[in-house]
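When the chains are written out, they are named A, B, C and D in that same order, and each has its own residue count from 1.
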Amino acid sequence: MKTGVWLIGARGNVAAVSMVGAKAIAQGRTDTTGMVTAREPLSALDLPAVEDLVFGGHDIRSQSITETALAASESSGVPPKSTIEAVEDDLDAIDSRIETGTAINCGQVVGDLAHGDATAEQTVPDLVSAIRADYEAFVADHDLDRLVVVNVASTEPPIDEPERYDTADAVRSAIENDDRALPASVLYAYAALEDGHPYVNFTPSTGSNLDGLCELARERGVPHMGQDAKTGETLVKSALAPMFAGRNLRVLSWEGHNILGNTDGLVLEDDDNKAGKVQSKDGLLEEILGYETQSRVRIDYTPSLGDRKTAWDHIHFEGFLGTEMKLQFTWEGSDSALAAPLVLDLIRLVSHADAQGRSGVQPQLAAFFKSPMAYETHDFSRQHEQLQNYATEHRQE
Amino acid sequence: MKTGVWLIGARGNVAAVSMVGAKAIAQGRTDTTGMVTAREPLSALDLPAVEDLVFGGHDIRSQSITETALAASESSGVPPKSTIEAVEDDLDAIDSRIETGTAINCGQVVGDLAHGDATAEQTVPDLVSAIRADYEAFVADHDLDRLVVVNVASTEPPIDEPERYDTADAVRSAIENDDRALPASVLYAYAALEDGHPYVNFTPSTGSNLDGLCELARERGVPHMGQDAKTGETLVKSALAPMFAGRNLRVLSWEGHNILGNTDGLVLEDDDNKAGKVQSKDGLLEEILGYETQSRVRIDYTPSLGDRKTAWDHIHFEGFLGTEMKLQFTWEGSDSALAAPLVLDLIRLVSHADAQGRSGVQPQLAAFFKSPMAYETHDFSRQHEQLQNYATEHRQE
Amino acid sequence: MKTGVWLIGARGNVAAVSMVGAKAIAQGRTDTTGMVTAREPLSALDLPAVEDLVFGGHDIRSQSITETALAASESSGVPPKSTIEAVEDDLDAIDSRIETGTAINCGQVVGDLAHGDATAEQTVPDLVSAIRADYEAFVADHDLDRLVVVNVASTEPPIDEPERYDTADAVRSAIENDDRALPASVLYAYAALEDGHPYVNFTPSTGSNLDGLCELARERGVPHMGQDAKTGETLVKSALAPMFAGRNLRVLSWEGHNILGNTDGLVLEDDDNKAGKVQSKDGLLEEILGYETQSRVRIDYTPSLGDRKTAWDHIHFEGFLGTEMKLQFTWEGSDSALAAPLVLDLIRLVSHADAQGRSGVQPQLAAFFKSPMAYETHDFSRQHEQLQNYATEHRQE
Amino acid sequence: MKTGVWLIGARGNVAAVSMVGAKAIAQGRTDTTGMVTAREPLSALDLPAVEDLVFGGHDIRSQSITETALAASESSGVPPKSTIEAVEDDLDAIDSRIETGTAINCGQVVGDLAHGDATAEQTVPDLVSAIRADYEAFVADHDLDRLVVVNVASTEPPIDEPERYDTADAVRSAIENDDRALPASVLYAYAALEDGHPYVNFTPSTGSNLDGLCELARERGVPHMGQDAKTGETLVKSALAPMFAGRNLRVLSWEGHNILGNTDGLVLEDDDNKAGKVQSKDGLLEEILGYETQSRVRIDYTPSLGDRKTAWDHIHFEGFLGTEMKLQFTWEGSDSALAAPLVLDLIRLVSHADAQGRSGVQPQLAAFFKSPMAYETHDFSRQHEQLQNYATEHRQE
């Protein structure tokens, strides 16, 4: 059983740190801290070994994976330089398998990152064919039994009127008719699902989150899930908000301010691209609290921080006898170090779902996402319980 | 059905704010924000109405409830002065029902608070008889159908060798033989359980937390629960720690620093009395995380803050690839405003348990306590779920 | 010697709290904490007594001063309700002396606050005549020896091409020719200086900060100063930034996020009006540090906070051997309580300057402002020293 | 002109990072960020070049300087490993010049660090002779024109009745008579001053801070200064407290909590050794504010942090109309990276003072210390101005 991983955005930070990590684990140079699948009860599932994953992917930049990793190391110490050096050969091998993707409808800032080929004028049907051919060649070249496609590319602007793509046929005919409104993430996702490859959308971009693609996934019997991995401030929010609800403390306002300095931050500095992100970070409070509250999420680009995202949240709440109180927190996390192990977890867990013959969106993976495509709650503890229950159910005999 | 409430420490902050709140609710002057039983699904239980509770209690100080409430209002704005004035007559009526308790083995600082009678030399059997007589008279005077005894008195130093009191008989004979090591909280708890009154220990003092008293409660068919209400920093801890566990992030150290300025803070300034408190705040990390971590809880007395407790927690953790990260939070809560609604909740819920014929420790109430006497986890979300399950099970038709 | 005070924006928060404070001091109900002139060496100057100040002013809203004060008290506890009640008669008397001003070029949000008369179509020369008549009548009615005009009105958007008004004559002819670009704050300031009334601009609006008005002030021999009082985050910044400079620690980025919920916050929610504010908060770092650094100041409107402004600043800096470090602070201040005593200080100190025959901008008052019109440094300690030196020089024998 | 530097505690963190830094500067591998003498106006003084300093010293441990530096690098990334490797030969050369000192009266924890020789039973006169011989040999071996002695050893417990040593003669006869109360730091300081070597006490230990040693320094015409370098929380305090004073804002309480994980932290975990530290951190508030306020400084040992000291300060203050407000800050600094450049600054500046023929305590260096032995104020801005004035006065033509 050989599992391949196709990363959309394979030369970005999250991708690079995921692959450095996988290869360092393979070499026994680092442990699995941060990986949810490394812990009971998930570790008891029959999951593909991290050591055995074969990586490839699309990108639109020419900077190599090693260059990305070294730049991250330089600016924020993650991954350690010595670790990168130890796995450099592996990274180079993967680099040679990276194909040029498309930056269509990814917005101005992403367009600016892209080298010539990625922005070349091509029709949508041609773009999709090229993507499918890339997937197919990778499977053939490496004799893969399963290919998991993971979107870790830059955040695209949200699309207008997503309801136009509400059936598998609507999506197919939009592609055939060269519909110029379709963004890259949808093309990559469509290609994966159409060909039966499990798909994970780690980003806030549209990806497989169209009714038409959900239908397609069910038709093809392929599992997929998204969107926007829950790694920082939102994770903390989803752990804390249930406490206020549980104690019947009324949240009067919840202000969040994020500063970060990596390429992701640069892209999010653009208002269009930020739109999708802020939306997916902002939705959970109302669901958990059961009422609407004043809430704001700011994301600002502060280059000096590199990959170290810092968030300040200020929660103003009311308790008994009209008493006003406050909780404030600051979160200082390395964005990629938080994201990378979850990428590995999701690869393993969506592979597992596929092996179980599960198709469509996978609610048991809701704990991993800011805007889970199917879920019962944003409450992290409950989401995690759901994941544990899945594990207990499917635990290997 | 008339429910009486006997507060041990009836002239303290928590007691005063609980009663101001109950009476303000009765007058429609405030709402039930902060009360867990005011929210679905608990609100669907058949609980005694807050408006109908009849209060009395023991204390060792002569300062009146109104004086306590006004001093709290002056120093930290809680409860609002206008609310106190509106319920002053009710408070005066309750004040007239307060009896002098005993400060035996409560430590030097508490002894200093006590007026003469409370420290008078009396034998243990005499003290217990007096307490039982006080309970009985209160029930008779107000024609009560049920009496709930709640310990909201100052924190006592922990006792030595609690295992000597491991059977109901051991406790009984210690009392008979005038065992001078028994602290006040145990005498109050014994008297309650022996006479069949449901008992709640809101404090870190020993109270009913002796194997002998647990046996007694089962024998007498009376429900009880404790200990040390979870209102501030520990509550946040129990909501956040599961997030680290769930994400397999390794907590390297968790430092907590609490500053507060009310009488509770003054008592805890004393190292003996603090011992119990710090112990009950510190236990949960290991259980939730599954390993031992460097952890510290400081409680310092800062008079200027009055009842406004402020906590700073600094959590240093490690993620993927050895990456070190941090979460810090500051909590600024009004201690009594947080505690008071839980006192009312616990009165209602232990009454409910009693009405259901439940006896012994009540695990469904674990969410309310820092050191729940019976529990499965310190994880707040799970504890709260357990409470909700209880509610769903017992919801009124 | 009778000193009158004419407040532009007399029904706003800062104005209301200043007057409540002055009257409460007069009644001996509060002390002078927060007033710089109450402390040595400034207290040794021959300053007008706070008790003797006679207040009047312009506004564009009809809400009374008492209503403003009560709303502030309700939402954030400042000033205390009992204090407002004690001085209510004084406030009513002042209210009857408030005249309708003009909202010309104050932006949409301020226009929305204004009642009919304040937005009535009038020519600029007519507006100026009306303002001068209001000043004159106030002086006559109260038999004043000196009138100090203080701008505490809402922040206007900055004006375009201020250099067009670079001489006194340019200003005068703009007014005569009904130049529709002149904003209200300039008209109030012009009227004050032309008639020889000392003027203070507490706000970031243009006010007297035009070269032409500075010339006018020198011609007329009248002292004036501005702009934008330094009360919160910027004050802390001006105290902390010199520490980094003094230790040769390199500031890599300085991020500031302010949240506040009063009318000032609502006005600043508008991007046009915010422009002036952010500009005046942002200028000081470069001067103090001696180099440009990544810096951002956000101001967001969070209604739940009322007048309680909270700021989070995150300072990322580099020390020896390339070591990166951080300082973060949160500031939780009552905006009006911080501003009001400075209004009283500035009234007293600009009166003093006037009595000394000083004219033009007053650099000794730089410590009070975010963008001092004349200054040597933004370093708070040095500015304060300059003020103390002034005091020592002019101290009464 | 050749300047030697004798470090007491030469194998500790502060010493190691100072020497790594000096050598890295000499190699052009790092710049002088963090060094006050690298900035105008101090850089215009005629100071010994960092590149030319010759290092030696005493210690009581056998761990080499390189080992200390590598351990620090490992635990907290400072100094960078690559920098240590680049200067390793220099460090080895210095290591060979380190002599065994004495741990007399340094407390239990320090005793535990010491290897055999350092705790050997020797009489005080013998210890002093040995120290003087070490200084002399170093001067001779390296042909030094000047020797500066700097105490960067672990903090000793404070001594009892320091007034017994109030004259130079009293100190001399205590030494002669083998007075067993004299701690190591006094012996090193005495030896330096008696032999005319400028002396700096970077630590809170007694060092030259005895009236008798001050007299000795004046007699011998040698400059000295101390004590306890101001690098972290106290530095911020001394920058912020003047702001409260300047604005007449009343500080109600100032709570400080420091956590750190290096050997210094381990030593300070011991209550005796901590005594001196807390004392010198706590003194400044009263002087700056002009009144006593509730204030506390906690220092706790948190191994996971390594050399990264984190401090949380909570400042509760009152403004106009009794309004209560707060400032909180967290400081995350690398202790040694902050200290090391100041060690180099002090070496250079005390050399300069010596060259100028200045003797006794040097008030112009007050800005460097938490408890300056001679000073006018703890206000950092004013202290820094004093230093700048010194520089301006003595600037080279």
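As a convention for this text, a contact is a pair of C-beta atoms (placed from the backbone, for glycine too) under 8 Å apart; a residue touches a chain by one contact, two chains touch by 3 or more.
This one's a predicted model, so the numbers in the text were calculated from it and none came from an experiment.
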To reach subunit C from subunit B by way of touching chains, what is the minimum number of steps?
2
As a quick test, compute the distance in whole Å between the mean CA positions of subunit B and subunit D.
48
So the centre of each chain is just the mean of its C-alpha atoms; given that, what is the distance between subunit A and subunit B in Å?
44
Check: subunit B positions touching at least 2 other chains come out as 77, 328, 330
Chain pairs in touch?
A-B, A-C, B-D, C-D
Complex contacts: residues of subunit D adjacent to subunit B
252-253, 255, 257, 259, 294, 296, 298, 300, 302-305, 310, 312, 314, 316, 328, 330
Give the list of subunit A residues in touch with subunit B in this complex.
17, 20-21, 24, 30, 32-36, 38-39, 77-80, 83, 235-236, 239-240, 242-243, 246-250, 318-323, 325-334, 337-338, 340-341, 367, 379-382, 384-385
